[in-house]
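Two complexes are shown next, each including chain A; its partner changes from chain B in the first to chain C in the second.
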Partner chain A sequence: MARRMAIMAASSLLALMPACAEPMAPVPAGAYTPFFKFIPAKGQRATEPRPVGIKAFRLDRFPVTNAQFAAFLEKAPDWRRGAAPRLFVDPNYLRRWRDGAPPKGEDNAPVTNVSWFAAQAFCESLGARLPTTDEWEYALADAGRGQAQVTRASLDWFAKPNGARIGDVGGAPNGYGVSDMIGLVWEWTQDFSATGSGTEQRNTSSKDDAAFCGGGAAGVRDPADYPAFMRYALRASLKASYVQDNLGFRCAGDE
Partner chain B sequence: MANKLLLALMASTMMTTVALAASRDENRAEPVVGEEKAILTDAPNVPPAITRKNATKVVVHLEVKEVEGRLADGVQYTFWTFGGKVPGKFIRVREGDLVEMHLDNHPDNKMPHNIDLHAVNGQGGGAGASLTAPGHSSVFSFKATNPGLYVYHCATAPVAMHVANGMYGLILVEPKEGLPHADKEYYVMQGDFYTKGANGEQGLQPFSMEKAIAEKPDYVVFNGSVGSMVGDKAITGNVGENVRIYFGDGGPNLTSSFHVIGQIFDKVWAEGNMSTPVSNVQTTMVPAGGAAIADFKLTVPATLILVDHSLTRAFNKGALAMMKSVGPEDKLVYSGKTDDLVYQPEGAGVRVADAPAAVAPVAKNKAERIKMGESVYANNCAACHQPTGVGVPDAFPPLAKSDYLKNDKAKIIKTVTGGLSGKLTVNGKAFDGVMPAWDLPDEDIANVLTYVYNNWGNAGGEVTPADVKAHRVAVDRKAAAE
Partner chain C sequence: MWRALLLAWAISYALSFPVMANDAIAPPSGTSVYTLGARWTDQDGHALRLRDFSGRKVLVAMGYTSCPDICPLILANMAAIEKAAQGRSLRFVFVTLDPKVDTPEKLKAYADAHGLDPASWTLLNGDDKAVRDLAAVLGVRYKANGEGGFDHSAILTLLDEGGEMVMQKPDMQVDPKDFVAHMPR
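This part shows the complex of A and B:
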């Protein structure tokens, strides 16, 4: 507990500093119930979502910023707009960047319009990786703290008109010391396509896809958690080369 | 004349029977000749009738845009739309057509979207082929095998929220022989909205998940906002014209008791089916995710009011639109008010003699006047001007902080006792309605005006029964005297 307090105090101080200076937040091991049923093991029947164990891991406190991504491109020119292979990035990759630099004044905003491949390459360059969907959702669930606020912040973000400049990172940390999971950008996960990979989101022929089924919300942990549906639907709509104006990422590491 | 009508009716019935016979299989097999780009329209407009005698390939581009717009006066909302507006673009194709659907998700958008057209037989009505990330486009095609008027909507989870944000529209699969001629065609679609703040709370309102799940909307509106078709934006028609309304209910939750005040539907194709129209309908029930076609001939001049006849939705939540019928009167069809008489029930005189005449209470001072005026207001005025005097945008002028009340007392007394109709500007907003003359005792008029003057940011002051007596418009009681 003292440790957590220390982390929270430290991170609120650090929020004033450039995000790149900060170590990842340690997220302790625990049990977590996925939003919806994953593919059942052979011979098992698909039933209600069951808790799964999450190993301790580390997670970036903030989404990766434009400044951090620009520094990466210095070292990895192969990933610049124009140089990155079309197989790995769609034509809108870094579409608002000019001459290898992000839009003026947006150094501390999350980098967006990056593909899964580019995000993964960034994390690998730092000896890290993308978080799994379970890890990301487990960090957001924050051991049950402040979930009403997560829902409210999500709905407020959905209502915010699009096209405006994305805000800078530096929001209030949750109980694990992780900030800005909601309200700035969507985030890539390592296995974004592992769940609901079918494009038909209401396919009732398979219970596993039922999370996306308008008629069959029965298999989900909480059918009243609309923001969770949105996160999984967004992930399901993506392919690894896709980029999006409001899709960024953060890195994770093993503890 | 009557015979001619009968023949026409029989002919149209026969034609619809033929349409029924054109089976789904025949429509599937009908050769597709040529290609064209669909004409798409925003409500209340409808694309022109199809005159083609063959099936063709129709290319439809629907662009999904998440846009901030007006839900009510001073209330903004981030709508998710098929084409930039709520409801989505009206799509019109012919039975047998091959429809190539392009769903383009604008790169500015946050959300993935897809489309489920109720006119499609296939996985998810097309949703299975169209989940589209922002900045991407999906393509699929379908054969329009079943004629009818169908709803389309986004079906991405959580479906209810996508629909609650405005993602619905109509597609008409027109029968081969076409629909009977209509002089004017309009597109009206109902939807329920759920906002974080209560009805009328100003500013950008986010979606309320709790109210949506409880099915308690703050707004129920036609064509995406309160007052989308009232005043200068009312839809119009001329006496003698046949008018057709393509009415859809996007929901997500409420069904609609669609009714036009002051007009009987001559014909309704219930649930959008093309084979069996019913005649002489007052109110047609339209399910959420359903549609109906209503035809009627305008016979007299009037301002017709389109409502969901679940009436608090119309009066308090926005489900109200206007259609202005313009042209010559027909006093035989509708006379207007011909008499205003005193009504004396039989035996009333005896009872008066038996019982002491009830003496109406009289206010002794201004404070009492205000207090007694409150109940006069609640009984007579609040239904239109609203309990807090805010009025209803585009329909009933506000009494709160009202610049109209700055006119002198005499004019205000004349307004209430003589009624008011026609164009009027209050607090910078235009109105064009009717307030009847209020035939209330001097005391009541004095009390209610004093109540209004001393509430809701108005200037204060007092109106006495003597003021009212001096300035009131005399009610024509000649008929009563005879």
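This part shows the complex of A and C:
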């Protein structure tokens, strides 16, 4: 019964979504300079960051919602809480859901407590994929439009206490037509684990020193971009089966 | 006489279906690496799934053949464990992070160049998703470095007969005895 209601909610959600014909926004090709320079091995200096080419792609306008994820679980029962293999999800997977349904009144909020594997499975079920980190950051950078606003919104978000109910999707779009990249949830990326891979590592226990400890400021594009440090540090801390109360995702597709 | 003939027929019948024995293995548990169902190709061009390694302990690592520095060390550490674990029926699996370049032929040449015994070593090529998923499960972090190579962590993982992770060594300070301790004769 609860699951049926979730499906109905998913249907009604489509009607509630802001008037966008397509769930994904087209993001044009361009060049993007990653936040991190080449992360040096200990004792070496970082080289200047090199722009990377980003092919045109499509990106969900909003983070995937609880109602959308409930609809996915109807079609993919192997991913329900209690059914998904422990290799792919940690014990807190969908921990606030009951009987296959999200918490009451949160259908239109981003789904959280989903692992990278579950997020990937959701996107694949739609013929899509998770965005790469470069694609996600490129979309957030928005060709330089509103950067100060992104920084301010990020800092406001970080200042909110944990435990507050996550709001519904539907924020104002950026120049590409993409909303809510900042302010609701952190988001999985396809190659989240690239952060922290460092150079060829002989001792992975200290892999992030050059990126996030004292040397970090010397190895980035903009040492004053504290929100970017936070985003990359979070990705570096994750494992693919992890879930968090404030970690969600959105899907991407090739043009 | 009839009993002996029947026995001989039964034995030859059973041996003629080696795959059936593999199919009889219990499905992987929810935490087994063998839950991953992707298809791989080994250095001899044979298709396989990870669960085909069921029944033996497996030491697995990820790297790529043009890796100049850390991968030879990974192989050297695996070879040291091979030497220390003689007689313990251990399988060694090296999975490429660079599947577009490291074709099965290239993996075969790499194995030959490093003197890896095909009786106990398997080198695997898979598609991008298979590689990404396995790396995610093993905790191997990697990214293209823009110069044709990859930055990646060097993790040795020991799997038990059911594909459960028994031990991981996330650096190159490997003492083969630590691995052998998990492999009673």
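By definition in this document, the second predicted complex is superposed on the first by the 210 of 255 C-alpha atoms of A that agree within 3 Å, B and C clash if a C-alpha of one lies under 4 Å from a C-alpha of the other, contacts with A are read in each partner's own complex, and residues count from 1 in each chain.
In this text, contacts are C-beta pairs under 8 Å (C-beta built on N, C-alpha and C of every residue); 3 or more make two chains touch, one makes a residue touch a chain.
Every value quoted in this text rests on a predicted model; they were computed, and no experiment measured them.
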Which of chain B and chain C A:Y232 touches, first, second, both or neither: first
First, second, both or neither for A:F249, with chain B first and chain C second: neither
Contacts of A:L155 with chain B and chain C, given as first, second, both or neither: first
Chain B versus chain C as contact partner of A:F122, first or second or both or neither: neither
First (chain B), second (chain C), both or neither touched by A:F62: neither
Which of chain B and chain C A:D191 touches, first, second, both or neither: second
Contact breadth on chain A, by residue count: chain C or chain B: B
Chain B versus chain C as contact partner of A:N92, first or second or both or neither: first
Chain B versus chain C as contact partner of A:A240, first or second or both or neither: second
Intersection of chain A interface sets (partners chain B, chain C): 199-203, 239
Chain B-facing residues of chain A, complex: 90, 92, 151, 155-163, 186, 199-203, 211-214, 217, 224, 226, 229-230, 232-234, 236-239, 242-246
Contact footprint of chain A on chain B as seen in their complex: 66-68, 77-78, 107-112, 114, 123-124, 127-136, 155-161, 196, 204-209, 213
Complex contact set, residues of chain A against chain C: 38-39, 50, 52, 85-88, 116-117, 190-191, 193-205, 207, 239-240
Residues on chain C engaged by chain A in the complex (per definition of touch): 30-33, 35-36, 67, 69-70, 73, 132-133, 135-137, 139-143, 145-146, 150-155, 170-173
